[in-house]
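In what comes next, subunit A is part of two complexes: it sits with subunit B in the first one and with subunit C in the second one.
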Partner chain A sequence: MLIEMNDVTKTIKGALILDRVTLRFESGRIYGLQGPNGSGKTMLMRLVAGLIRPTKGEILIDGKRLGHDMDFPPSLGLLIENPAFLPGYTGKRNLELLAELQARVGDAEICQALRDTGLDPEDRRKYRKYSLGMKQRLGIAAAIMEKPDLILLDEPTNALDEKGVEEICGLIRRERDRGALVIVACHDREILEGLADEIYAVAEGRVERRAT
Partner chain B sequence: MSWIKVFAHDLRCGLLRRRYLLAPALVILECFYIGDWAVALGMKPYLGDLILYMFRGKEVFGSGISDAADLPLPWFLIMGGILLLNLDYMLYDLTNAGQQVIVRSRSRFGWFLSKCLWNLLSTALCFGIMILTAVLVTLYYGGELALTNHPGLSSLLFGPYVEGEIVVTVRQTLAAGLLTPLTTMAALSMLQMTLCLFMKPVFSFLICQIQLVLALFWKSPLCLGEGAMAMRSSWVATDSFGPQYAGVSTYAALVFAAAVLVLCVIAGTVKFRHTDILGLEE
Partner chain C sequence: MRKALKAELWKAFHDPMLLLTALCCLLIVAANVWNCAAEMADWARSSRPPEGAAPDIRYSTEGYSLFVLSLPYYPQLFSAHVFNYIWPLLAAIPYGTSYMQERRTGVFNQVVSRIGRKKYFFAKYIAVFVTGGVAVSLTELTAVLADAMVVPYWRVHISLMETLHNGAFLSTLYYTHPWLHLLCWCGALFLIGGSTACLTFFAWTGLRLRALTVVIPFAIYFVTGTVIGRLIASGLIPRSSLLSKVANVLFVVQVGHSSYPGLWSLAVAGVVTAVTLIAGYIQVVKNELD
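Right, the complex of A and B next:
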């Protein structure tokens, strides 16, 4: 998969969110977006996910224009902002309901995704009873369970302890090694430096590559 | 992926909600009001009495029959209540679990179409719960489950329009008391949901409320709420007070509501294709 952002500008209600951003993302790599809160990291991910449209410029996915040739990337795993699931169902049931939409994976893959993120597939607790860390892990499990070509993770280490951060970083690396294109937004530079193949600094709507 | 799977998500998340339990509260006072009146007059109410009273609305303002600028609160409560119950689901879903659903559906059109179907079903569900409430209250008073009215309650139902006793046929009750109000409410609710794509939900809700108020006090075929008032039906509001005060034909009200409904779906589909899907904090 190849994603090209060509001179993308995004304004929302007159506020400049991203300013003439040109980037290129390729499969089999982890890209880190680093910057303070409100710098535009999440908006950049929303643009790549097809959730918002560029005000100017274009985003191409394997040569096809997002928003014109397709509404959303064809194979996408997503964790943006806080994970949101149906509170009255177990974590596994939530994943099953999402998996039914594309019917690409079955029970074995769902259980594996839960185990990979440190959750127990047999846990009968409802999502509303989950701790913040468990919710975050379930959000990551939802993003990876279908083995998508493109994985967007916004602050994936939020609410995780040190061991949890290590586990999730290992999981992200395995997804990269599988051939997925992974974009991770994180305000913690140290975590990104240990994880990403390339890091981009996002500040005041501008994006610049940093040496890694 | 078929949009039917997205629709299954909307049925699960949008229709299995506790808030529908509020629907009986919107009509129960009106039902008991008409029931108590019937008992006071030594009669038992028919189901048709309760339904026609719930959706009676207000006579044509300025007709000389009654120029009081009072709001028919029961009717307004029912109409506004249904709009309020349907107000937030689409945007709530779009900022929560629905984001995972829409990216997997890979189709904005399919997602919005599913929300339109949900909207129709939700309105019908509210309506059904209200009618069920009327059925239960009728049984409570020992009345008949007939879709007609008790002739002795004519003046209570239709006030100054009716002198003496009239019998509303089953067909008239079905048309003016059920089908037209339901279609009108579905169109208004769809209008409200589509407007939410252009403005904040509170303004969308207010615009629809203003539309209802205009329908009460300004007689025009362009007022969507008029079809939801049994008293404005042409078989109640005849042109005996002048042609300008004659009621709307059920057929015309149905066609107009259906046209608004279809236009809203088309406008919403076009707009949603370019709508930014943001989070709650954005």
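Right, the complex of A and C next:
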């Protein structure tokens, strides 16, 4: 998969969020977006996910224009901002409901994704009873369970302890090694430096590549 | 689309709000049975003529049929009065807030990134429509069946009692095949309730309070109808004007009642369905996701 952002500008209600961003992402690599809160990292991810459209410029996925030739990237797993699930069901049931929409994966893959993220598939607790760390892990499980070609993770290490951060970083590397294109937004530079193949600094709507 | 619809219907019929709706409906049904039982007791007392006197024609048994006293036919009973006012709420409660809820929590992003906006919208629309329709029509059907425990069933003869006036929903069928009429009315009510529930798609995405989404259909019908009704009564709008006719259509009590002109009931359902489909499509599919 090849993603090209050409001169992408995004303004919301007159405020400039991203200013003429030109980037190129390729499969089999982890890209880190680093910057303070409100710098435009999440907005950039939402643009790549197809959830919002650029005010100017274009985003091409394998040569096809996002928002014109396709609504969303064809194989996408995402965790943007907070994990979002139905509070009245178990973690596994929530993943099943999402998986049923495409029917690409079955019970075995769902259980594996839960185990990979350190969750117990047999846990009968409802999502509303989960701790913040468990919610975060479930969000990552939802993003990876269908083995997507493109994985977007916004602050995936939020609410995780040190061991949890290591586990999730290991999982993200395995996804990269599988051939997925992974974009990770994180305000913690140290985590990104240990994880990403390329890091981009996002500040005041501008994006610049950092040496890794 | 089939998978998306299956998932939406599963969520809709497992939503805790459906239980709340069922509880409200059961309360209305129970109240209606109570009201009907009281009417029957009153009839039993009143119809007994004094010794030696002829039976009083006013207390003819004709007026005490299931198809006269029950919820869809007799709005004067307290329970029927309540139902006729709150049915738009009952339609919206089960699943009307789910779109707003999913937008707010972010579940929306998870789903649309997998199936696209269009499939999401149509699956959600059908689920909201079905739950709204079921909530309203099943309440009336259950009420009639429950009322049958205390009120006798006999066919109403038009020469003795005009429960449904000429022009009301399938009024001829009512006098010849009342059970079939009841089923047809419940079918119409399913369409009216379903389309009414979809008025919740008018909720704007900035709306935080879930309860307000539920109130939207009620507010649209009731406030519009009442305000225009008041303007007509005060003479500011001529009775013969188009706006006056619109007010009649929007007036909530009439649309949800079997004595309301059948064609208008179905026309309201059709117009509301078309309008909500367009509004919902713009809201969910065309609007930029924020």
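In this text, the second predicted complex is superposed on the first by the 212 of 212 C-alpha atoms of A that agree within 3 Å, B and C clash if a C-alpha of one lies under 4 Å from a C-alpha of the other, contacts with A are read in each partner's own complex, and residues count from 1 in each chain.
In this section, contacts are C-beta pairs under 8 Å (C-beta built on N, C-alpha and C of every residue); 3 or more make two chains touch, one makes a residue touch a chain.
Just so we're clear, the structure is a prediction, and the values are computed from it rather than from any experiment.
**Student:** Mind checking subunit B and subunit C on superposed subunit A, clash or fit?
**Tutor:** In the arrangement built by aligning on subunit A, the partners subunit C and subunit B clash.
**Student:** Would you check which partner chain A:L171 touches, where first means subunit B only, second means subunit C only, and both and neither mean what they say?
**Tutor:** Once the two structures are laid over each other on A, A:L171 reaches no partner at all.
**Student:** Is A:A142 touching anything from subunit B or subunit C once the two structures are fitted on A? First, second, both or neither.
**Tutor:** So A:A142 meets both subunit B and subunit C here.
**Student:** For A:I3, using the defined touch cut-off, is the partner it touches subunit B, subunit C, both, or neither? Pick first, second, both or neither.
**Tutor:** Neither partner.
**Student:** Touching A:L153, do we find subunit B (first), subunit C (second), both, or neither?
**Tutor:** After superposing on A, A:L153 lies clear of both subunit B and subunit C.
**Student:** Where does A:V202 make contact in the superposed view: on subunit B (first), on subunit C (second), on both, or on neither?
**Tutor:** It touches nothing on subunit B or subunit C.
**Student:** Considering only the touch criterion stated at the top, classify A:Q102 as touching first (subunit B), second (subunit C), both, or neither.
**Tutor:** In the superposition, A:Q102 touches subunit B and subunit C alike.
**Student:** Should A:L78 be classified as contacting the first partner (subunit B), the second (subunit C), both, or neither?
**Tutor:** Both partners, subunit B and subunit C.
**Student:** With the two structures laid over each other on chain A, which partner does A:L51 touch: subunit B (first), subunit C (second), both, or neither?
**Tutor:** After superposition on chain A, A:L51 lies in contact with both partners, subunit B and subunit C.
**Student:** For subunit A, give the residues common to its interface with subunit B and its interface with subunit C.
**Tutor:** 46, 49-53, 71-72, 76, 78, 80-81, 84-86, 97-98, 100-103, 142
**Student:** Provide the residue numbers of subunit A that touch subunit B in the complex, in ascending order.
**Tutor:** 12, 42-43, 46, 49-53, 67, 70-74, 76, 78, 80-81, 84-86, 94, 97-98, 100-103, 142
**Student:** For the complex, give me every residue of subunit B touching subunit A.
**Tutor:** 1, 5-6, 8-9, 12-13, 95-97, 99-109, 273-274, 276-282
**Student:** Considering only the defined contacts, which subunit A positions touch subunit C in the complex?
**Tutor:** 46, 49-53, 71-72, 76, 78, 80-86, 88, 97-98, 100-103, 142
**Student:** Of all residues in subunit C, which touch subunit A in the complex?
**Tutor:** Per the stated touch rule, the residues are 3-4, 6-7, 10-11, 14, 16, 105-117, 288-290.
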